[in-house]
Structures are given as structure tokens and as C-alpha cells.
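Next come two complexes built around subunit A: one with subunit B, the other with subunit C.
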Partner chain A sequence: MRLIPISAATDPLLEVRDLQVRIPTRRGDLLAVDGVDLTVGAGEIVGVVGESGSGKTLTAYAIMGLLSAPAVISRGVIRFRGQDLQALAAEERGRMRGSAMSMVFQEPLTALNPVFPVGTQIRDVIRRHTNLSDRSIRGRILELLDHVGIAGPERVAAAYPFELSGGMRQRILIAMAIACGPSLVIADEPTTALDTTIQAQILELLRRLVRDDGISLLLISHDFGIVADLCQRVYVMYAGQVVEHATAGQLFDRPRHPYTSALLGCMPAARDGDAPLDTIEGTVPTVIDPKALCRFADRCGYAQARCTEQSPPRQTFGVVQDALCFRAAELTLPGLVTPSLTDGVLP
Partner chain B sequence: MGVLYLAKRLGWMLFILFGSTVVIFLVIHVIPGDPARAMLGPQGTPEAVETLRRELGLNDPLWQQYLIWVGRALTGNLGHSILLSKSVLELLGERVTTTLLLSLYALILAVLIALPISVMSATRRNTIGDHVGRLVVLIGLAMPSFWFGLMLMLLFSVRLGWLPVFGYVSPLDDLGQHFSHMVLPAVALGSGYAAMIMETTRNSLVDVLNQDYIRTARAGGLAERLVLWKYAMRNALIPTVTVIGIQIGYLMSGAIVIENLFAIPGIGRLMVNAVLSRDYPVVQGTMLTVVFVFAFANLCVDLLCAAIDPRTARE
Partner chain C sequence: MSDEPLLKVENLHVHFATRRGLLASRRRMGQVKAVDGVSFEVASGEAFGIVGESGSGKSTIAASVMRLLRPTAGRILIDGLDITHLSEAALRPLRREVQMVFQDTKSSLNPYLTVEQIVREPLITYGLPSDRVRILEILARVGLGEAHIDRYSNQLSGGQRQRIGIARAIALSPRLIVADEPVSALDVSIQAQILNLLRSLRKELGLGFVLISHDISVVSYFCQRVGVMYLGRLVEQGPTASVMRQPSHPYTKALISAVPGRFGARAERRILLRGEAPDPISPPRGCAFHTRCPVKMGSICETFPPPYHRTAGGGWAACHLLSSQSQIAESQAGKVMI
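Let's look at the complex of A and B:
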């Protein structure tokens, strides 16, 4: 694994500041994303982890400009290559989507249109962003399919999504995402719907694209294993907030937020081989009227009286790590202990 | 589109046609009483009844009668009208075109009205336009076509005098007159059909616009026009085409009512008159024609569906 390029933090490709996404409901406005700060440097792989409902996917949609009504960005700034995206006209934003920044989705079957051959779907994206002739586009499609590891590109380009396997479909979506040479790709749970063996291949493909094509990757996942494998820095999200931000190494060695520690405890390979897996009781709260408290307090094993009385401060540790917790400095939380060290497999 | 798929659909159509010939044939024999007696009425002498029975072959075993009837029908011989001095085929020939034209106009009208409104309704969900559109659909579905036809007739023909009250002019004689006679019947027949198409298309489009692949298309930066008319519409039309096909039966039964209301000499009018006067060969001939048109239209719809949705043909 590469070390964190510190320069990335000073001159980011993508910079999200104080992002808030509001969804009006009958009971009041739901704050699905509430005050998120996030950066992605050039050539970096950054992870966002959290349970369902933590706001990670909506953060991605907000960055892509894909939020659909009634969800709206109610606060915050999104800068891409130094440009304020919300200041752009819809037309300019559309030209950027699919070319400068693009996205890979979770469910590769439903993410592809069932009634068009996959080649046609890639072609329409290339046609939107370039002036290439139909013949050059055709060549480009075959080249792309080959690049994402598809054998027999001619045959596959003419196939319909239902004729391809899950792994193939995800490769097609990746080919579509990189078709116009983006500098940022957002991958939302790109391997969740796939078999384990296929998962590894897709992750390897993503890693290769970052290394060889100079793409930056924002990887959204609920799986710490994938994040540990791929990412340099990680944001842990809970109830619309970033509760901890750290390098992957720091996160696994010394998590500073009890939620991070609890999530790590839920990993099958996390603790002692014989010990039952930990679970986090309860569910992620939906935040409608934000009160001054720690949103994790009612599920936290380390909660104190002040946790439900005031908003916790963001405490910083070293250059990268910070956590949204009163007790971040005083607690020594269990991180990830690799099973090879504890279950005696190694001599 | 696979040859196998085509063969399957054709086989299915032949099966439906076969089944319906059995039903149509049996109808005559299932109704209580002797068909010959029924045809001749109370004045018929027993001798006359017996003669007619022999002429119609009613003394032969049922299966034999059926085979003879089907065999003749296959060669185009549907028998002679008992009342009118014409062969059934002759009677049908004059009227089938009229009914087909009426149904075609109603279909075209329905699609032309329904599609734009359903797209507007689906893309501007819960706006005033959407609510008005859906209210119109509700009214269209609730209104019986003969009543709506009567109202149209009263307003446009009787009160305003813009269009002829009833009757029919062949397009070969006078195209302008043909259309002016067909406008109101086509509107009356097409309105309920339009409502059904509208409701189906709106709902399927609303559903499709929420699908992941629409988000993928937007994530690729595609223009909203392309997303709607290509990526969404092609999917949304699958249920629409299916409904159009299923409801061709509705269109045919509607045509019977509307033809009688507007005094249009089509198959429906012929059928009703034949039923009323117990002209059995004509009844059988018209039913057979309607079934054939219905089965053929459904075959066309199946093939159209397979052309729109590749999954259908390669199950």
C-alpha cells in the first residue's frame, strides 16, 4: 500500500465543505447529510464507510449532481478542480457528468438499461462528450472493453445486459464510467452485489485504473475489508455526519470514535477466532430536528451524561485523524486485530 | 428475434383459432331448442323443420357436422345467409373493411391523445397538469362509449350541425365525406381506449423514471431529452403495447355498439342483426372473423413487444 500523499490534502481534486442535504417529509425536513467535509486528492483512493442510511450515497449523488427531488443541497460548497459546482449551469454540469467525473453503481443489473445492447449505452455517453465519428467511437468502445478485462469485446458490445454475468455487467459500467477519461470516479458499493471471487477481480481492476490511468477514486462501502484493502484515507459516516476521518492504518490500529471501533468489531475476521461477533444494537437514527447531542450516544457503550446534552467537538490527532467525540482522546478503543496474530495459524 | 419465438407465437395463434371454432360451432347446438325450429319460428310446420334439419345436416353426428363446417370455412365457404340472399363471405367482405377502418382510426386517435398526455403527466408528477390529465382518464374510463357517442352526436351533429348525424360513406366514393362520417364514431370508440393507454403509460413511465438505469444515463451526462425519449420511453412502452394488444377485444366489442349507434354498416351491425334474426351462418361467420382479427392483432403485438424488449424473445 502506498503512503498518503500529504500534498493531496492541500490541493485537492474534490473538496466538499459543510455539505447538507435536506429531504422534506411530512414530519419535517430530514437532514440526510449534515455538515460533511471531505476531500479527494489527485490519484488518491478515499473510502467512505457507514451503515445504510448514514448518508454516504446521498453525499455521492450531491457531488455528481444526481440528487433527485425532493432531496436538495441546503448548505455547503462542492469544489471540483477548484470550481464551485453549484455555481455551474445545468448544461455545464451535464457536460461534466460522465466525462470529468463519473460514477459506478451498486447493482450492475438494474444499473444498465435492459432494452439496449451495452455497446449502445457506452456509445451514447461517448457521443455526448466527444465529436468522434461513429467508427472511432466503435473502436474506442472495443478498446475500453478490452481495457476493463473483457474477452471478446465485439460479442459483448452487442449483448444485452441480461445476457451477461454480474461481474461482466460491472466491468461494462466501469468501462462506461472511464469512457471519457474522468479524473474522479465515485464507486458506490461496486462489489456488494457480486460473488466474492468476482469482488476481488473488480477491486483489482479499480486499483489498476487508479494506478495506470491517474484516476482518483471515491469508494463508498459498508465493508471495512474492502476499504482496508484499497483506500489510503477513510471517512466513517453516521447519521449524516462524518464521525471519524483517518488513514486506513490509523483507523484499524487506533480508532478514535466508538462507532468506528464498534463497526470494526462487526467484521467476521475482527477479533478472536472463537469469540462471537459483535453487533451494534439499534439502528441509525433519522435526523429531523437536530438536537445538540451526539447522534451515536444511545447506541454507544462509552456514553456519558454530556453526550446527550451537548454536541461533541471534533478532536484532531496528528496530521490526518479526527473524530467527533468527547472522549476521543481519553479512550483506548479496540481496533482491528488481524486473525493471523490471534488464532495461532502462524507459527 | 428468434425463429423459434415466431413459431411459438404462430402455433399459439393457431391453437386459439382452433379452440374458438369449436366454441363458435357449439354455440348453435348449446342454445336450447332446435336451431331449425328456432330459425323457422312458430309458424314452421314439422315437415319444413325436418327438411331444414336435413339441409343443414343437423341429423349427422356432431363431430361430423363440425368437420364439414370447418372444412368449408377453410376453403372460404361460410354458408349462405338465411335471411339475405347472399353468401356469408360476401356479406363479410363489404363490412370488414369498414369495421377495420373504424377501429384503426380509434386506435390512432387514442395513441395520439394518450402518449403526449401520459408523458406530461409522468414527468410533471403531482402538478396541476398531472391531476387534470388523470381526472380526464377517470372520466374517459367511467363513461360508457354509447353514451359518450350519443352526447357527441347531440352536440356536434344535432345542435351545432358540424358533422353528419349518422351513416357511412366509403373512402373510395368520397374521402372527405368518409372522414366527416367517421370522426365522431372514432372519438367515441377511442376515448375509453385512450384512457386505458394513458393510465398504463403514465404509471409505467413513472416507474421507469425511478429505475437505476435512468440514473446511470444521467450519470453519463446524457441530455434529459435523450434520457426520457430513448432510455425511459422504450421501457415504458412495453406495458403500453401489451395493453393495446389485450384491449383490442375491447375495441372490437366497442365497435359493435358504436356501429349500431351511428348506423355504420360494419361487422358489429351485421352481427347484431344476425343474432336478432337468428341468421346462424352469419352469426358464426362474423364471430369467426372477429376472432381471427383479434388473434392476428395479438400476434402482431407479440412480435412488436419482442422487437421492443429483447428479453421477451429470448426467454
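Let's look at the complex of A and C:
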């Protein structure tokens, strides 16, 4: 057994334990997030991947303290730099949000205020969290815009959101997120609304911020490709639970949960046109009155009787990987079998 | 007409006038060449994919093929019949042959109609039998049944709504489907179901497809041939496998290498393009891609539009770098060359 020195440095930057988010509905309480464990270490890029309704965005909002009624955190602990965030007063939480931890949203057009120039909106963030003079703030804004790869920062700072392209707007949101030197940035589908070549630019920018500025990144995405590209570790969510946790490599080469494996088979890039794609029949369940069973059982090609009679255990494999499945150890599930689209020919 | 391809698009141009100011209708400022000389062909049972980024003109091509827009120049032929300038009345019998599937199923299905009514509408329009049994037959073709027929579209999931959109499109037994981003709004597991459905329609009913997508992996899975759009022009066209594995145009290379994860190039080999696509109101002179091209040669690229050169994989690409390859005439650019 390895001896780990007791120091603050070994604590993860962000630690989420047994998080549950409840949304009251007429039919009962919906468990949108149910027992999620998650950590982000300093300087790490961690992904949360899942389909619509898996609970990935609500997990991010819960961490940021941005859940709005009727959604509430009904159980669990969120620790940031060792501090229990739910124990903080709202005011203190607000000071932390936008400075120590910040968020980049999916749709930059709705995340920006349409009636103010973008420079003004960045200024407001800096003003809220620092005592810089207006002149220093002005300099900081131009520096930030330059840092996120915007040519002609003076001109862009004076522009309104509608005058900028989608890629530029996303750069502005990233500039706002890093304006006050956060140690954690949560990016919720940061490139989903963007074209492929612009997406590649933004992903490169995020990679650079982590590498050069020591920011940790929690990336929420529906896209396995993006997650594979950027993340060291990945959590796969399904129906409010983390069903698998693995390194990006393990996820693609040796998935341990049937859901992960099934999703990989659905990807068009995994087949050539002669073979039909794998599908996952049925739909993601809404969990209102949780029963002791595997939530993926009715769509799983490997389900057995016990899968609908008991809750599956979390089985671990090595240091990182675990899967919420009875059969995780015995099954050899197919990973991503495809060769890359660009096999060798590209420089 | 036997040798004619199902769809032939010849040197298509679609230009829009741009206006400015409060009295907008009065002042013509200039024009946007949304589509600026595009040619391709689609055979029965074949899927032709068009990839490109926002504003490249993909959807304008779709609207032109559907004759929802009147092209500025060029020709569109269905089975050899020139439909470019046909009147609405003359188009009417042809509209049965060419149907469209849209991206946004929420706005393309009438929320006040049941599934049965939505699928019945085209049948009524053409005076065809439209009893409940017939509707159920059509629904069965797209994997739906009794359980869905009396529902409204907002009671269905995104995947089910897209199946309704497809059912409506195939109700008249068309021969060509124009699908504009048909799976872009769907989760990956649902996307796979819809792609499998479209694939079975192509194979079993022999439908031709024009599939428009920003997603290279969708096009490379579904389509036998592909064209890559940039600023209103096709810059490369050819059999999908060879375009994907051996792209010739620098833009195609960059586009493919930008696909994240294991499907594209590794991050360190990625070709990152500088900046964003120029404003189509004032496209660059010469080759429209020269402002972002990582391998631009110099004044030739800034001055002369590149001719079409044959590529090793049996297609063509419009790039001065390929000048050692033989050229093909613009009028031949749409032809299938395998």
C-alpha cells in the first residue's frame, strides 16, 4: 500500500459526493441527479458525457450553485478546495462564482446580454470581484481578449453580441470566465453550437488555458469525440447516475458498462455504410420512484434476471475505472472498433 | 430519359439581393452569391452528401432542388426534365417525386394535427387513398404504429417526430429525398436509429438522397459520394471513401482533421484554420479559401479562381496546388467519374 502524505495538495480541487438533485413534479419527485460522485484534480480536464436527460447539466449547475427552483440539492456534499460549498452563505457563494469557479455556457448568444457591448459585460465581471481602477480594468479587458485569440480587441470590446460570430461570442464567454483567475472552469457543451473548424479552435483554446494558466476544466458534453480529444478522465452518465468512470483511453478501448459500449456502436464513424449502426432501443427512463434495479436493464443487451431485481454494485478496475454493473467483470464489451477517418494520409 | 440521372444540378447559381436601411425594400446594396456555380448528380438508390459549415450555401441548394427558390442561373433536372423555370402548376406532379425531410421536427410538424392527419395531408393533396389502414402502413414503414397514430407531435420524442417527418416524406412514394440536417438535433443513440431507417429506405425502396449535414461522420456513413462546400462553391467532390481517406483540397483536409477525438486527426496533427469564413457579401477574389488556406501559394491563389482538377480517388478538387493533375471542364464537374 502506498503512503500518501496528508496535505492539502492531495485533496482534489473539486469533490462531489453522493449528489442528489430533486425536482418536484405532479407525479412525484424526479431524481434528476442521483448519487453522483465526481472529482476534479488541479490542472486536470475531466469530462462528463451523456445523452439528453442524463443529468449532466444539472450536476454542473448544482456545483456552480445555479440550480433554480423547483430543483434542489436533496443530498450530498460538494467540496471546493476542501470547503463545503453548501455551508457557505449565499453572498459568499456569489463572490466565489465568477472568480474562483466560473462557467462557460453552451449558447453564447443567450448567455450574453444583447443590449450592452461585450467589453462592458466583461468589465462588470471584473468590477464585481476586484478593486481595480477603471483604467486597469480597461487594460485587463484588452489583455483577456487578446489571450483568448481575438484579433483587434479594441474593436471587439466595443461590439454588441449580435455583431460577432458564434466563435467570437464563445471566446468572449471564455474571456469572462477566466477574467478573475478561476481555478475551476465548468464548460457546458462549449462548442455544440459551432462549426467544426471553429470548434477545433475553441477546443485548442481550452487546452491552452489548462496547460498555461493552471486552470482545471470540467467539460460537460454529449460528444464522445470531444471528450476523447480533451479529457484525461471521463464520467459517463445515464438516468441521473454515473454508470462508468474511466480514462479516455479505457472508455474507447475497454468500456466496462454496456451503455458505454452501446453508445460507441451508435456512432456513425464506427461503421462504413454497408452495415447498419447499432441502436439502443427504448428511451432514457425518468426516475421518479427509484426501485432497486439497474436503470439501463430494459435497454441492455446483456441484462439478466438480477438486473431488474437488485441495484447493481459499483465494480472497480485498477486505479481509475469503475462501472455500475453486475456483469462488468465478466463481460468483454466491444469498444470503438473503427479506424480513424483520416487513416494515415493527412500530415 | 433512361440514361438520365435521377437528379442533375448544373452550374447552379442562387444570388440574393442585400438591402440596407429602414426603407429596406427601396435600396439594393449588392448581392450575396449564396450558391455560386454548383454541379452534381444523384442516381436512384444513391446518397449524395453535401458537407460544409454554416453559411456555405448547403441549405440554399436544398431549397433550389425543391424549387422553393428560383435559381438565378443554371439548371436543375429531374429524370432529364428541366424544372428550373417550371410554373407551380407544371411542378405539381413532380413534387410527388421529390420530398424533403427537415432538421427541426418541432417547427416542421403542425402542432394542431394528429400524426394521422399529418401523414394524410400529402395523400389528400394528390387524391390518393388515405384511410386509416393506409396511414398505418406508412407508419409501419418508419417503425411507428397504432400507439402513435392519434397523438400530437408535441406528445412524441424527438426521434419519433423525425420518424413522422420521414413518414410524411415517403407517403407519396417519392424517388428522391432531400434531407437537410435530418439527425443534427438528435442524441447519438436516436441518431443511429434514424440513420438506419433512412438507410433501409434507400436500399429497399431505391430512393435517391441528397443529404446535407455539417457532420462529416454522418455523411461518410450514409453517402456514397460527397461534395464539400465552401462559400457557395463545391471545392471537392468524389466517392466518399476516397474523399475521406485521401482528401485533396486543403479545406477538406482541414475540415476532416478538425473532427475531434478518434474520428479525426490526433490533436497534435490537427490543421487549425486561422479566423473564420469570410462574409459571403464580399468573398475573396481568386480562390475563396485563400484567406484561410494553410498552403496558399501566392498571387495565383489570390487572383485566379482555381479550375477543377482530377483527384487520385476518382473525384475532383478546385485547387491550384493540383495543377499537375489533368483539368476537367466546368460543364463536366457534376458528372459521376468513377
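Note that in this section the second predicted complex is superposed on the first by the 324 of 347 C-alpha atoms of A that agree within 3 Å, B and C clash if a C-alpha of one lies under 4 Å from a C-alpha of the other, contacts with A are read in each partner's own complex, and residues count from 1 in each chain.
The criterion applied here is as follows: a contact is a pair of C-beta atoms (placed from the backbone, for glycine too) under 8 Å apart; a residue touches a chain by one contact, two chains touch by 3 or more.
The shown structure was predicted, so the numbers you read here are calculated from the model rather than taken from an experiment.
*Asks:* For subunit A, which side has the bigger count of touched residues, subunit B or subunit C?
*Replies:* After superposition, C is the partner touching more of subunit A.
*Asks:* In the overlay, answer first, second, both or neither for which of subunit B and subunit C A:G35 touches.
*Replies:* Touch partners of A:G35: none, neither subunit B nor subunit C.
*Asks:* According to the stated criteria, A:P334 is in contact with first (subunit B), second (subunit C), both, or neither; which is it?
*Replies:* Neither partner.
*Asks:* Tell me the contact category for A:G249 with respect to subunit B and subunit C: first, second, both or neither.
*Replies:* A:G249: touches no partner chain.
*Asks:* Figure out whether A:L173 sits in contact with subunit B (first) or subunit C (second), or with both, or with neither.
*Replies:* first
*Asks:* Is A:P290 contacted by the first partner subunit B, the second partner subunit C, both or neither?
*Replies:* Neither partner.
*Asks:* Could you say whether A:N113 touches subunit B, subunit C, both of them, or neither, answering first, second, both or neither?
*Replies:* A:N113 sits against subunit B, while subunit C stays out of touch.
*Asks:* Using the touch definition from the top, say if A:D124 reaches subunit B (first), subunit C (second), both or neither.
*Replies:* In the superposed model, A:D124 contacts subunit B only, not subunit C.
*Asks:* Can you check the complex and tell me which residues of subunit C touch subunit A?
*Replies:* Per the touch definition, subunit C meets subunit A at residues 53-54, 157, 187-189, 191-193, 195-196, 199-200, 214-218, 220-224, 240-241, 244-247, 253-265, 267, 269-273, 275-276.
*Asks:* Can you list the subunit B residues touching subunit A in their complex?
*Replies:* Interface residues on the subunit B side: 211-213, 215-223, 226, 230-231, 234-235, 238, 308-311, 314.
*Asks:* Okay, in this complex, where on subunit A does subunit B touch?
*Replies:* The contact residues of subunit A facing subunit B are 64, 66, 68, 94-99, 102-103, 105, 107, 110-116, 121, 124-125, 128-129, 160, 162-163, 173, 176-177.
*Asks:* How about subunit A: which of its residues touch subunit C in the complex?
*Replies:* Those residues of subunit A that touch subunit C are 51-52, 151, 165-168, 195-201, 203-204, 207, 222-230, 252, 262-263, 265-269, 271-273, 276-280, 283, 336, 338, 340-343, 345-347.
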